[in-house]
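Shown next, in structure tokens, is the structure this report addresses.
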Amino acid sequence: MSVVVSGQYVAYSFYRVRPEWRQLPVDEREAGKDAFADVLEENAPRFDTLNVYSTTGVRPDSDFFLWKITQRYADLGELGAALNGTPLAGYLETPFSYLATTRASQYTSARRARRITPFGSPYLVVYPFVKVRPWYALPEADRQRAMDEHIRIGGEHPSIHNHTTYSFGIDDQEFMTAFECDEPADFMHLMLTLRETEASSYTERDTPIFVGQLLPARAALDRLDGVAAGVEA
Amino acid sequence: MSVVVSGQYVAYSFYRVRPEWRQLPVDEREAGKDAFADVLEENAPRFDTLNVYSTTGVRPDSDFFLWKITQRYADLGELGAALNGTPLAGYLETPFSYLATTRASQYTSARRARRITPFGSPYLVVYPFVKVRPWYALPEADRQRAMDEHIRIGGEHPSIHNHTTYSFGIDDQEFMTAFECDEPADFMHLMLTLRETEASSYTERDTPIFVGQLLPARAALDRLDGVAAGVEA
Amino acid sequence: MSVVVSGQYVAYSFYRVRPEWRQLPVDEREAGKDAFADVLEENAPRFDTLNVYSTTGVRPDSDFFLWKITQRYADLGELGAALNGTPLAGYLETPFSYLATTRASQYTSARRARRITPFGSPYLVVYPFVKVRPWYALPEADRQRAMDEHIRIGGEHPSIHNHTTYSFGIDDQEFMTAFECDEPADFMHLMLTLRETEASSYTERDTPIFVGQLLPARAALDRLDGVAAGVEA
Amino acid sequence: MSVVVSGQYVAYSFYRVRPEWRQLPVDEREAGKDAFADVLEENAPRFDTLNVYSTTGVRPDSDFFLWKITQRYADLGELGAALNGTPLAGYLETPFSYLATTRASQYTSARRARRITPFGSPYLVVYPFVKVRPWYALPEADRQRAMDEHIRIGGEHPSIHNHTTYSFGIDDQEFMTAFECDEPADFMHLMLTLRETEASSYTERDTPIFVGQLLPARAALDRLDGVAAGVEA
Amino acid sequence: MSVVVSGQYVAYSFYRVRPEWRQLPVDEREAGKDAFADVLEENAPRFDTLNVYSTTGVRPDSDFFLWKITQRYADLGELGAALNGTPLAGYLETPFSYLATTRASQYTSARRARRITPFGSPYLVVYPFVKVRPWYALPEADRQRAMDEHIRIGGEHPSIHNHTTYSFGIDDQEFMTAFECDEPADFMHLMLTLRETEASSYTERDTPIFVGQLLPARAALDRLDGVAAGVEA
């Protein structure tokens, strides 16, 4: 009984290069970045989206992450295996990885699972989200009213695009919340406003929060050792 | 005074290969995977079940896990020692391991410890589970009613098979909850529905949640370095 | 003003060998295990008990642990230093270590610190224990009644032997709870029953829970690299 | 719709050198410190502030941190990449990093985002801050009254300068609280007094707390291996 | 406006040697211990107290710690840098470090910051301490009454010496609680009694708890590799 029709798996995988990789000769590092970028390029056609976001210089625990969207679960494992086969994988840690899937929202009039289609904004803010259990015991009308307020405030920030997906039972969070935006400070102002809403008071956990900068794969990898940093600046 | 008659020990052991293993020559890696798979094959006859599930590309903290079911506790230690004797063990971390045992359920009419027999579904979702203490102070009838609702909803998803076992006092969780399913998104929908039940409000902890893909041992190990990934895709 | 008369220090030290130790030549590994076992044998006469329990194949975070009982605190530091002098110590981590001491129980009629004397059962279940603070504000009669129930249920499982000791102020837990038993599943059934008692509702923390298998020192160490695993099976 | 006009990004990045770096020959260490200090010097003109604070000998988890203030988000990633290109980066961990931005305070009469301009005091105390959610449900007048008390007490300590910024939605904390002071003990007395205020009772988290000593970049780096420690003392 | 007159900074720094240090030739280890002990000896005159306590064989996460008392904050950084310059520092981790300062107690009639002067007892029990926020909302008379009870019970254990200091705002805890005693079991009995007091019910956190054995620097370092363990026993 599969209730997902043409749904999508939406995953975020975070990578951190071990410092000792930076001690390798520059040509070994170049070859490692080339092979990793090549695997991403080869696999991209099988994915609805396969974007790379840099967190270099901002997050302490990761250097970049992948936003992976596909209709076929097995793509996630096969891409993971292919990346494991590159020389860079001998020095990569994966501090975080999040799995979610799409469904029709309870709180909008949509009747089909929303298809996630990134806008390609320069920044993506993404975080795992868990509500306190009493939220789920509220009457549906109360939840609807609280979410209506959320949606209304979000609508006042048209440059910010929400791509929330569902992780119940398939990962440690309930939702993966993702927002594309033009400038991180804009998103801070939206969240500051939402903090006073009723729905916000039912938040159990909404961290870690990651701000990624959309970059071509090779440019994001170049930030690992700063080799091309002067050029792209 | 042993009250378990023909009960089973049910354990889940998670493995992560250190990134530096991927720097080894390919034949060393092949030999390591061969020896590990051989030990599993040799030990399988002593176990009721000895399945391998891959988490490559999905979980950040593990690459694969074993589902081990046996009537003899010592089998767990002896298998662990034998795996420690393989070359791969010089590079393996064990980020998680969970121990449980079977008993007759309080909430169904079964009078004997249920025998855990996997269906061989393509995916296994497994997580440790702890209820808040007030749950145990509820009258038995209340707990029965709450569990009846849970069981009824589960029954509406016949492709999802529940294999819950008991860890009280022998591991850090109270239960090990395990569900076989045909597609991870199906399980998300079941869990989303269960989140609104009364029993769900007594949850203290139900993470980490692992989605494993059932694979032959060697295929799961090949995902560690992507060597055969192109072939199996 | 020393109020302990012929009391005992009771400590549990957990060890995990780093995976790279398994990459050493077998004779180096043998020498390391020999030296470690020799130090234990030489120091055993100064301790009331110096037992070795294996957790190989079951716990993710340790391979074996020592149950150390002595009337002289300095023995703990001196044994630790002597073990640090063995070649195995160049590869050992100590993920957990717990310190406790004996005293006369408040809840039985004993007037002297109970002397801890292991029965030598095949399994030892041990975990740190903390009660919620309101427990300590209950009238003594209420606590006595709650503990009486605990003790009565324990008495119905004569094959399970309790060796609880006190850690207030000398380690991070309040108690070290230790139970010897013949079979881990038996202990699960006792704990499942106790979960419904009044005293249980005052539990703040009772993890991690370790199940150790009593083995001769050398046999427990052999499980680190599986060298003699085939023989002992 | 960007609501920040000439706002600033304010970030704190913490570094810890791996112990094995200290095993390198002294001239390799000198070259690593030189290159790291050079990158800071070259990038400083693009930042409003780029200060270095030492935590050597005080914090267990970091050796020094950067206080980075800029109007251009991309500067953070580019500086991170450039530092990744230095030899020291082959041995550096980044245990913490915090991101914030400026805005007009709700609780003062300022109408524009306050511009953060450090005084150059010898010490900086900085910590991430999260309020409990009920704070945000208080009427605005109540919050104003509570903050007035905070601000009044702060005003009685004129040698302590507050530089609080906003992290809602762009990092794991709500605020980054930063105070410049002449002597760490002075700040302890201020905080002890604030602990009794009404606003303080709404604190969810205010740790880790870092006390940094402002030093020239090269002097802070020299504390990593004590090479010039005798000279500066 | 400095309100501390002749106050002291009181810090505790914990060290753990990496296991691989134990693989070094014995003369390299000796030289490392010599240099570390020499730096302590050279710096001792600048400190009011610079004691070394061993935790070998007892704590899982540290081998020894320093109790550092000085009137000059910069001494902490300079000692840290000098220790970083010794060969042992290439293998040392610092799992914990705590910073505090003295002030006049609110709860005794003292009007000046109490000067911390260790008695030189054989054992030091030290832990970070945080009270729940409602404590600070209690009327001063209630807090005084609760602390009077604490002080009275402490007074009944004259062999135990309390050296509590203040960390508000300069480290993650509120207080550093330190007790010198003649025997760890004595301190357990005091803490067991205090657990039933009113003040105890306002405890938010009082772990980790460390029991250190006062030793000459070189003897504490010798416990790292057990070289002189046989001699000192």
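Should a chain be cited, it is by its letter among A, B, C, D and E, assigned in written order, with residues numbered from 1 in that chain.
Note that in this section contacts are C-beta pairs under 8 Å (C-beta built on N, C-alpha and C of every residue); 3 or more make two chains touch, one makes a residue touch a chain.
The structure displayed is predicted, hence computed values, not measured ones.
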Degree value of the rotation bringing subunit B onto subunit E, based on Cα positions, nearest 5: 145
Centre-to-centre distance between subunit E and subunit A (centres being mean Cα positions), rounded to whole Å: 43
Centroid distance [mean C-alpha coordinates] between subunit B and subunit A, Å: 27
Subunit C, residues touching no fewer than two other chains: none
Order in which chains appear around the ring, subunit B first, subunit C after it: B, C, E, D, A
Residue numbers on subunit C that touch subunit B, as the complex places them: 19-23, 54, 56-61, 123, 125, 157-159, 182-192, 195-196, 200-201, 203, 207-209, 211, 213, 222-227, 229-230, 232-233
Residue ranges of subunit E touching subunit D (in the complex, touch as defined): 1-4, 7, 9, 11, 13-14, 18, 73-74, 76-87, 89-97, 99, 101, 103, 133-134, 136-137, 166-172, 174
